[in-house]
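Here the structure comes first, spelled out in structure tokens, and everything after it is commentary.
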Amino acid sequence: MKKITVLLIIALLALPTFLPTVGAAEKEVKVGVLFSITGPFAPAGALAGYRGSLIAMEMINDKGGVLGKYKIRPITADAQSNPDIAIREAERLISVEHVPIVLGDYSSSIGVPLAPICEKNKTIFWVIIAISDKIVQDRHQKYVFRVQPMGSQWGKSSVEFLNENYEKLGYKSPGEIKVAVIHEDGPYGVSVSKGNLERVERYGMKVVLKEGYAHTAKDLSSLILKLKASDPDVILHTGYFPDIVLFFRQARELGLRTNAIIGHGAGYANFLLLEKSLGRQIVNYTYNVDPAPAQILDVKKLEPGMDRLIAEFLRRYKEKHGEADPPTHATQGFGHTWILINEVLPKAIEKYGEVTADTVRMTARELDIPEGATPCGYGVRFAPPGHEYAGQDLRSYPVVMQWVSGKVEIVWPGSLKTIEAKLPLPSDSPFAK
Amino acid sequence: MRSPLNIKRGPILLTVILGCLILFPVFSPSPYLIHIITLIFIWSYVSTAWSYMGRFGLVSLGHGAFLGTGAYITALLFNFFNLSPWIGMLIGASGAVFLAAVLGYACFRSGIIGDYFALVTLAVGELVALSIIAMREITGGSLGFTLRSLGNSPLYFQFGSKVYFYYISLLFLLFALYLWKRIDKSKMQKALKAIGEDEVAASSVGINIIRHKMAIFIISAFLTGIGGVLYAQYITYLNPHTLSGVTVSLAIPFKAILGGMFNIWGPAIGTAMIVSLEEYIRVSYGTKFVGVSEVVYGIALITLIIFLPKGLYGTVLEIFHKRQRSAETIT
Amino acid sequence: MLEIEGISAAYGEFRVLHEISLGVRSGETAIAVGPNGAGKTTLLKVISGLLRPSLGKIYFDGQRIDDQETHEIVKLGISLVPEGGRLFPYLTVLDNLKIGAFSKKAREEFRKALDEIFGLFPILKDRKKQLAGSLSGGERQMLAIARSLMSRPKLVMLDEPSSGLAPKIMARVFEFVRRIKSQGYSILMVEQNARKALELADHAYLLESGRLQFHGGAEDFVKNPYIKKAYLGI
Amino acid sequence: MFEQILNAAINGILLGGVLALLAFGLNLIFGVVKIIHMAYGQFVMLGLYLIYVLTMQVHLPLVLSALIAVFAMAILGLLTQLLVIGPLLEAPRLNQLLALAGLIIVFENLAMVIWGADYRGIPLYLPILKIGNFFIRGSCLFAFLGALITLGLLYLFLNKTYIGLAIRATAQDTEIVKLMGVNSRSVYFITLAAGGALTGIVAAFFTPIYTVHPHFGSSFTIMAFIIVVLGGMGNLLGGFISAFIIGVVTSVSAVLTTTEIADIIALLIFILVMLVRPQGLLGTRGI
Amino acid sequence: MPPSLIQVLIMLSLDGIGKFFGGLAALSDISLKVEEGEFLGLIGPNGSGKTTLFNVISGVLKPSSGRVSFMGADITGLYPDKICHLGVARTFQIPRPLKDLTVVENVMLGALFGDSGRSTYHSEETAKRDAIKYIDFVGLKVGELTMPDELTAAGLRKLELARALATSPTLLLADEVISGLNQEEILEASSVLNRIRDEMGVTIIWVEHIMGALMSLVERVVVLDYGKIIAEGKPSEVSGDKRVVEAYLGEEEQEVY
């Protein structure tokens, strides 16, 4: 009897699986919001991005919607950090929910398969956070847009920074700098390290070590031994959070010495947590390459109004999730979504009278936002379909930041610089040579 | 165990179900439903292939290795050498067979069975996943890679509409079921059953243990390799984590067990149940109760395993037989 | 002391015991004989709680035990020497004896029991540091019996103590049984070797195909023509 | 180069200590209950979280938090036995294995619901040890010594107590042990509790080394299995030794090749050893 | 007729067989020849190595030293199925029926796989016919759907015999086919063995640790003790041998039935 009951329950549960959400009211814009809110990518930043994205929509809706009348209805979906599930959810959003736009996801391994699916189904894929070049490179997609820098730009920025500061290391030319490139071997680390290497090669710097490792690695001591043996001036590191912590701890225990440790987003973005987990002394003077998080941008350099917008976002984020200092990914989620719903959608409605994938596409293509007019700091201008990086925001760039005694400062590019980089590592760092 | 489908009503019922499945895309408006059912077909096919050996006590926890080998070889041949996946899949599946043959021969020669076989295969699945990641220059590493799109090109296993994949994967599933029937009627099935129960007794009546185990392992690996190709061609994207590695390798036996791996319909029914349950819980509650819905899903799986140890279909059969038996004793 | 009323038992669908009733009086040695597959071992399993009966009741010292767990039954004073001894081969002789005295009461009397056992089976004392798996066949059976006595039982049940042993060792095992009988233990022994077993018995039962066919004193058994022919080879 | 390899070998031995700790409980549970505990790594993850919460949020001293965690993990072990393993004792092996694999999903997401998706680490530094040109990692040395002490305590527990005796006996013959008056169900409970407590101990020694997040456990699972099988399943000493072998092999080969390839090499060695010596390195039974 | 005038065919020949488990010798230096058509008894107390010897001959175990030849060919270390195909069949001391298969199917296995030459064209129907033939021959009374767990001890022994016979052997290794049976059943089983030899012309090696029934049937007895052959000869000679009485029967010779 027990078994029959179990069977009946299963049958009941299985029934309503495939029904779409009902009741699409007039004057509504459906937006598919597809993030990995569970699984390994969630803590790495996907969840923060998702929250940021929803806050942007909420803020618009509180003002009555786009143009004051078109409410945004987010149709949320969980990609579970799994490309297979992400594809299923994208199919559902497109064919059951009929959303014209899919927003998403943190991970490039999800962005890469989703782009062609959305393209094929003539649905806008508004890429948030996922940075791999491959999402747009050589694909000539019409429906895929990304308002943030690409992975290789991360890698290039740090080397550009070095190239301008070789004198601080006591060298006469950039070519003398000894660089070690280490990275987690996922899509993120690989695409950033490619950018590193490309620029390192261009400037003729010496690569003394290049190595990848799984971000789930249990032990990095051998890598550190090799780093010690190769004696680099600069360690260019790309990793997620746990492996960065492991790296710093083991590097300290094994007595690693160098002149600079430059991180590239992801785990390095969450500086406060790094400091909490490792202690200030260990992580002091570490660099991070990333789009600047809203709270550290010098709002005076931005367009008017942006300061209030950012303050409002930070207030809501704290209210909802209890964090006063949200990670960069939250800002990215918020900022990228904001550009879509505050810049693109109103224009599409004004010009074409409705929001469809095609009206959004045509509007977005004409978008021309100058630097400083977005919550992210940089401007927006998408590469046209014929371009190698069609759909990529060509005005976006990451900055190089340095943590100095708990404060984040921008050290590159020169135009945004808040301090001169502390290079080489000051002697109060345990890693200083 | 006799299946209710085999008794007089069987063929009629079977025809009706098959008819419904064939006509479904004609009437269904939702590409999403077609998509989900296609996935159910593909994974049913794979878990059926897994059960080919699982039901004889050869429990592999590394079928992701074959899935990945088949899919990657085929896709790389297509992307780099423009070889049609229709031909490539035979080469890819041969790769899976090669892997199975080496692994099987080594294992069966040294008498690795039971838990040890399960763990060795688990390690092999992981090994394949790590190797794919390490060879990122050609495989794209853990970023995965996308198949070159040719639009509608049946000769290259690419179609403009999902419906084609729906029918193709249905055909493959039917083939796997047919082959299962054929094996059941063959001497091989008896030999494997004997081996599964008692290897010493089996070999003492002249059954060549290694040869039979190798045979079923190779068949299973071949079909699984093709399954990998089918899946990769369908979603046009390959990723080591969704094709090889522990998660997939465990998901396959999960489906077979929860359906009932000893019966021909079990793995397919199990797959349908798991995929539906997964979809249902995630779609309905996934973003409302973040994490909680997954906890519920996990608990549901454990509960099912505890209360339906013979799988869903196995338990239905059991109840059916009990009813039948008690009916017989009354009359 | 032990009373069994109408016990039936089954493995899955397959019924092995059909409404068996028998009893063992205090201080008495009862034996159950019968061919292989008659359900003798099953009977002992049911009494010791390793198998739940599907029907019937079992009383021990007036207390109902058929719904008790095995370890509870052991505590009440019934111990079983399984067929083939079933020692823990990777434990030493001493550890085997120690685990035999696992229950709280037995633990308290462990020293005393050990001295008694070493008195009864001196060879075990010499071997106490050896692994049980390295003992010879007869020594193993000896240890198995000794181990069961460590729990200070009132009733000792032996399952085919002579099975698988060479004749001369077999004879020694029966000698052990005689020794513990003389110590005043009640015994219920199941045995295929009817003739040897009957020499020890006060009371005997014949089981065939899970049914109780005949019971009576040892003399009645020896006189019964059917038993004489089928089991005693006379 | 030689010095580097030697240093890597030292690191490997220390890493071996960490891995050995991990393998103990898994081995114990396999030896007695004959179950492959798929969700073992997730236990360690929960233990780490608990220590984090107690130290950083409740502000208890670290040692006390660790003790509480050990106790709490023992209780979680009991619950696992009660709710999952117990009902499946008679079920086919594969069902047991998959049910425990189902626990992975439950535990990971439960951690996610309770503690959110963030990474948590306790800033805890042990002094740096430098001998000549060699650096000894204090945290791993600590774990290494912890592994030795734990093994010693475990040995005493198994060999000097009645319960330990019952556990060893149960590992050899599950049925007969009942006839000795041992409640075999209690033995299972005790084993699972001991296994759980061991994960608490592992978590305590991991605290200075790793940061925890909901998916922390899975990265250890395969490595732990490899060690256990390599040493001979159920053989505590074998597991201990093979942990060091794996530690040194991965560490040294990571210096010679890359960290990534070292993992592949470890897997390959495992598979090859299995094919040559299926029973594992110390492949006899018994604890 | 003097033996020298007839070409006696040596069917099985063991040459210095030794088998060690760990450091323990289960068999040491066993040499033995079995002629075609012979009915040989192999006795010895428990643990004397009889079953180990069978395992070595049938290929379940590889000998540590020595050579096994069958019909003049070296079969040392071949897999059991190969040896079975050559014509050596065995039964097991503890019956090992395949519990999920019916009794008839169990025997069919022997017919289907036991003879490599025949099995290539052997259909299921003929295999089934053969199986029923052998089941009848050993005197087992079962229906088509009888499962092995419904059989008595005697029934299981017969099933073992029928399954072995279905492989159409020329040499049968019968391992304790009467142990655990009652007197009546012993007589029946012994007569089946006798008929296998006489009617089917199968050479038999019969292992038993109790001697009674065996001594009255076999032509020659080999006695094993602690892995060594301690006596060999006609039953009447062997049972009088002092070493045998001492090692095997001990002081209680008359108790053995």
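A, B, C, D and E label the chains in the order they appear, each numbered from 1.
The rule is short, and it goes like this: contacts are C-beta pairs under 8 Å (C-beta built on N, C-alpha and C of every residue); 3 or more make two chains touch, one makes a residue touch a chain.
Computed from a predicted model, the values in this text were never measured in an experiment.
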| item | value |
| --- | --- |
| Subunit E reached from subunit A - shortest hop count over touching chains | 2 |
| Of A-D and B-E, pair with higher C-beta contact tally | A-D |
| Chain centre separation (subunit C, subunit D; CA means) in Å | 42 |
| Inter-chain centre distance, subunit A versus subunit B - centres from mean C-alpha coordinates, in Å | 36 |
| Whole-Å gap separating subunit B and subunit D, where each centre is the average of the chain's CA atoms | 32 |
| Separation of mean Cα positions, subunit C and subunit B [Å, integer] | 51 |
| Sites on subunit B at which at least two other chains make contact | 130, 133-134, 290-291, 294 |
| Sites on subunit D at which at least two other chains make contact | 109, 112, 218, 260, 263 |
| Multi-partner residues of subunit A (each touching 2 or more other chains) | 38, 47, 185, 214 |
| Pairs of chains found to touch, sorted by chain label | A-B, A-D, B-D, B-E, C-D, C-E |
| Sites on subunit C touched by subunit D in the complex | 48-50, 69-71, 74-75, 79-80, 82, 86, 88-91, 95, 98-100, 102-103, 106-107, 147-148, 151 |
| Subunit A contact footprint on subunit B (complex, rising order) | 30-33, 35-36, 39, 130, 133-134, 136, 141-146, 149, 235-237, 239, 241-242, 273, 276-277, 279-280, 282-284, 286-287, 290-291, 294, 303-304, 307-308, 312, 315-316, 318-319 |
| Complex contacts: residues of subunit C adjacent to subunit E | 11, 14, 35-37, 137, 164-169, 171, 192, 196, 209, 229-231, 233 |
| Partner subunit A, residues of subunit D touching it in the complex | 4, 7-8, 11, 15, 18, 109, 112, 116-123, 125-126, 128, 130, 135, 137-140, 208-211, 213-216, 218-220, 223, 250-252, 254-255, 258-260, 262-263 |
| Parts of subunit D lying in touch with subunit C, wherever the complex brings them together | 162, 165-166, 168-169, 172-173, 175-184, 285-286 |
